[in-house]
Amino acid sequence: MIIAERKPLEEIKNMLSGYKEILVVGCRTCVTICWAGGEKEVGILSSQLKLASSREGNELSILEATVERQCEKEMVIEELRDKVQEVEAILSMGCGVGVQTIAEIFEEKPVFPALNTTFIGMPEAEGVWVEKCGACGDCMLYWTGGICPVVRCAKGLLNGPCGGTRRGGKCEVDPEKDCAWVLIYRRLEKQGRLDLMERYYEPKNYRAVKRPGRIEAATA
Amino acid sequence: MNRDDSKIVAFCCEHSAYQAANKAGRMRLHYPDNVRIIRVPCAGRVDVQHILKAFEKGAAGVLVMGCQEGACQHLTGNTRARERVKYTDSLLKEVGIDGSRVRMVNLGPDMGQQFVAEVKEMAEKIEGEMRR
Amino acid sequence: MAIPFREALKTKDFIVTAEAAPVKGANTEKMQEHIELLKDRVDALNVTDNQSSVMRYPSLGTCLLIKEHGGEPILQITCRDRNRLAIQADLLFAFSRGISNVLCLTGDSIDVGDHKEAKPVFDLDSVQLIHLVHTLNSGKDMAGNELDGGVDFCIGASATPSADPIEPQLVKFRKKLNSGVDFIQTQAVYDLEELKRCMEHAHKVDRKVKVLAGIVLLVGAKMAAFMNENVPGIFVPEYLIDELAQAPKGTGLSKGIEIAGRLITQIREEKICDGVHIMAIGREERVPEILEAAGL
Amino acid sequence: MQVKIGVFLCDCGESLKNIDFSRIREDLQRLEDIAFVDISHNLCLEEGEKAMTSRILVENINRVVIGACSPDLCEHIFTRLLEGLRLNPHLLSLANIREQCSWAHEGDVTGKALELIRMAISKARLLQPIEREVVPVSKQVLVVGGGFCGMRSALELSRLGIRTTIVESELTLGGKMEQFEGSYGIETSPQAILNLMSNTIEEDENIEVLTSAEITSVEGQAGNFPVKIRRGGEQVSQSFGAIIFATGHTTKTLPRDFEPELGRNAISQRKLVEMLQAPEELERRPGTIGFVLDVSDENSRLPILSTLNNALAVKERLGSEVYVFCKSLKVDSEGMEKLYREAREQGVVFLKFEEKPQISKEDGRLKVEARDLLLGEEVALLCDFLVAEEKVLPCEGTEALGSMLNMRTDSQGFYQDENVHLYPVASERKGMFFVGGCKGDLDFARTSMDISSATVSIYELLSSGKVIVEVEKVKVEPDKCQACLTCIRICPHSAIQLVRVDTEKEVAKIYDLACDGCGICAAICPAKAIRFEGYADEQILAEIEAIGESL
């Protein structure tokens, strides 16, 4: 699922400077699950903005809303159609897709991102999410024992590991992170499929997805 | 909540801090009267938003008062409350309210004196701020 | 004029290479001094390619300087800064100017360098780079097009004998050897047992490959400890750090030279491998003293 | 439906002098949804109650706000009164104007009192009624573990008319019973007790015994735990109302702290018990037997209890000299003090040491040297047998069972040590109880007490076969819930599970019987999908809003 993280308040305030009426919009799906842009976070950010503006003496009126899924046009229109008329600018707490969906629909009003969309990942512990997939469009998990080197190896090597691995099989870039290739080695070893790692792999086709990507499924 | 009479909002867990406040009353231990106690079933019920809303409505300080470490009826209520207070403090710093105007306090049900001491400490901190 | 490195590999029984580190700037005087100092003392001079991801005078440029001074350069290429088009173009240019030795490296990560917000490339990795050079040697580019004027590179790769865990590294090492390399220059080696194990492995796959043990000059206990933490692929064992620590104040460098000399002599006498690659990071002028300390 | 609030103020027999009640009444009467403001002197007494009842009967109000003393003194009176008047007891909001206002400050506090009442009123406006419901519960109880505690629990439950099923992993019941030679002070030997109990269990048709069986999964909540039990290849699923865990403990002899490993003359407590049970088989009577205690720092009552028991048994049956080397002798539980004095009288010598005693072999016997603190000098003793200390550990399956139940264990792996003064018997999950060795308690007196209090709580929960439950006091709104599992993972009482609700999508569901009403889930839910009636966000925010709007 898409993981995102809220921008520092300072950065958000700079974006909003000059605008008096703001609509803060949350999203109920991915960013709720990763505690970044759900209804609760909308409340917290709105409180912070109101507190900050009252301390700095400039008045700021805030409307709050939360869309079921900010990447669905119908849901955005249904939830925001009326509220958008009453504000000068929209602060979206959805992922990058949400921000742009709103921007496409309400083109006359500026839309600002309150979050930084970071990666596709999974929960590792309470409140901790870890990147697992980079959406490269050419999945090779079948020969890496289900561990993606493109994203989880800092250099994205296909014939790893690099010479810089740290003691204990940690990554050169971050001593806290495991070297993906050591993990791949251990798992393939456990499955008795180490021949897969011995094999030479051609340079990757980095244009498997012609960016920006577009998929047209056969209509059902 | 208007600005001048600087209120302190105290979220008190009904198992411990709320009883401590009653104990202080029964012992006639007087403390500043700008405290407003809000009874909650557990300190873990207090949400970051409640604290921010209190400040938004003009509170000068907020106390989240729960059971002592390891004595929480709901095991993790007080530890979670402490985490949330720490997080809220960082949110307030972002806004420019620092000087830890939100505090987590661990009390036993009969710690009347400590309750009063905590309230006085927060009141003095706010008083100091107001005068500057 | 130095003999081509490929010849040296065939004929000499103990090969010595050193490193000429480019400077951060366009003033090439100091580099030329080092080249003059070392070009006749070693069989070839490696030129690092933005070592530790720190932006410097280009590796190709320094190699041309070495050629001008009559030395034998080894062009180091990392996959961090160029994609497959740029690398192939650089290789054609290098060969056309008489540079015919290349060391294929993956390259350090951007995070250890001084331009931490740069976009890393890594279009290829070291093994794919070896295959690329072979493809060019066969007269074609990666897309299969014929080359108007072929190339013939002597191909080198690196190895990390003291990695922990070692097995994944050995898989990579075998892959490099199976891809066909003429010489190996290892990372810094201090524990000769690890070097021996690496040699066994190399010879099991390819008898002919020449392996040069990497010798990094230690300057003091603090520097050694620092390298352990921050320089990828270098592991200075505790007993050496203690030895450096006990050296009286200010004699750390000479103790480092002594250690390097001792290691080289031991490698040479016990014929553990085919030579050494001396990396005196930032102290190229001391390489002659190291060679003396090793009786070369 | 239009909110109509009745306000009752109590001046505690006109003792709250620093509150001007008439001014408060004046101010409150100006609010249009306030039906009346009555000032009484004794709401907690008969007289006050009568006045309230008649007032409420006359005015059809649908919210009650009371400004009086602390809720823990009077709330129950008012809820009972409202129930009597068939007004939902949750439509009640209290303001503590005595302990937390009148008594807490000098000078006139009318302003604060009014503000506290206005806070209670603003909350009252948003209160919703909470219905009650009768929920059937299974009257069948599962007892895990067939040792002393398991059998004892089953017998006591059966006496209360509750059917139980004992699941025992071994072939026979009994657990660690036969290990104890004589629980000194109890005449009959454990073996006799064991036989007596298992026979009674056999005849008791209230108790079903499944030996060499184990639990594979425990689902559901208090009142209805569907449990899967595997026995000899096939798996049985049955629903239980409550579960008692009596999975017991194991002991591990501590050779590591003990120089000579357990050879011929260094033995374990168990070996000593076997010797005591068949003294005639020994080649020759041992002249001196030594016990070593507290060599490892964590000690618990069992090693000391079995040492005292066995020392007395040695004195009685073998008559040999007995020395006990110990750092400290904790005799804190029932009967242990008497046992210790008895042992001293029988001639058992206790030697107190500070550092670990040195033990070495000397001509076929063991020499123990230690500095005795009381004598103040080195002591060396030759013993025929030296009994090594034992460490008490939970039995192997505890870890796995713990994770299956989502139940925390303490640092040594025992259950439910977290809040012992809060849950002497119950655990953080309603309907689950832990007794005996698996909790780290090892003396019979204490465990028997625990067992009876566990069985009584179960009786209270299940005896009538149904339980009155407050319906959806804490509720997950299915359409808002994104099944992000946060609440399920953090609920300290494991009262929330993922279920398929009418909307076909999987959402979290809070089980009313298992929920203990702490509200941690409501505060953490990122989708604001959990509503805690009585402490809902809008109700708490309304109270905050009302601060500062007085006079």
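For clarity, chains are labelled A, B, C and D in written order, and residue numbers in each chain start from 1.
Convention: a contact is a pair of C-beta atoms (placed from the backbone, for glycine too) under 8 Å apart; a residue touches a chain by one contact, two chains touch by 3 or more.
None of these values were measured; they are calculated from a predicted model.
Novice: Look at all chain centres (mean of CA atoms) and spot the one farthest from the centre of chain C.
Specialist: The chain lying farthest from chain C is D.
Novice: Based only on mean CA positions, could you tell me how far chain A sits from chain D in angstrom?
Specialist: 43
Novice: Can you check how far apart chain A and chain B are, centre to centre, with Cα atoms defining each centre and the answer in Å?
Specialist: 36
Novice: Just give me the whole-number Å value for how far the CA centre of chain B lies from that of chain D.
Specialist: A distance of 29 Å separates the two centres.
Novice: Could you please state the distance in Å, as a whole number, between where the Cα atoms of chain A are centred and where those of chain C are centred?
Specialist: 40
Novice: So which bits of chain B are touching at least two other chains?
Specialist: If we look for residues of chain B contacting two or more partner chains, we find 47-49, 53.
Novice: Give the residues of chain C touching no fewer than two other chains, as numbers and ranges.
Specialist: Chain C, residues with two or more chain partners: not present.
Novice: On chain D, where are the residues touching two or more other chains?
Specialist: 490
Novice: Applying that definition of touch, give me each pair of chains that meets it.
Specialist: Listed in label order, the chain pairs in contact are A-B, A-C, A-D, B-D.
Novice: Contact residues on chain A for chain C in the complex?
Specialist: 154-169, 172-174, 179, 181-182, 184-185, 189, 194, 197-198, 200-203, 206
Novice: Which of the residues in chain A end up touching chain D in this complex?
Specialist: Within the complex, chain A touches chain D at residues 28-29, 32-33, 35, 38-41, 43, 126.
Novice: Name, in rising order, each residue of chain D that touches chain B in their complex.
Specialist: 70-72, 96, 98-101, 103-106, 109, 112, 115-116, 119, 408, 418-419, 421-422, 428, 490, 492-493, 516-520, 522-524, 532, 535, 537, 540-541, 543-545, 547-549
Novice: Can you list the residues on chain A that touch chain B in the complex?
Specialist: Chain A residues touching chain B: 8-10, 40, 43-44, 47-48, 50-52, 54-55.
Novice: Which positions of chain B touch chain D when the two form their complex?
Specialist: It comes out as residues 1-2, 5, 7, 9, 14, 19, 21-22, 24-26, 28-33, 36-42, 44-50, 53-54, 57-59, 70-77, 80, 84.
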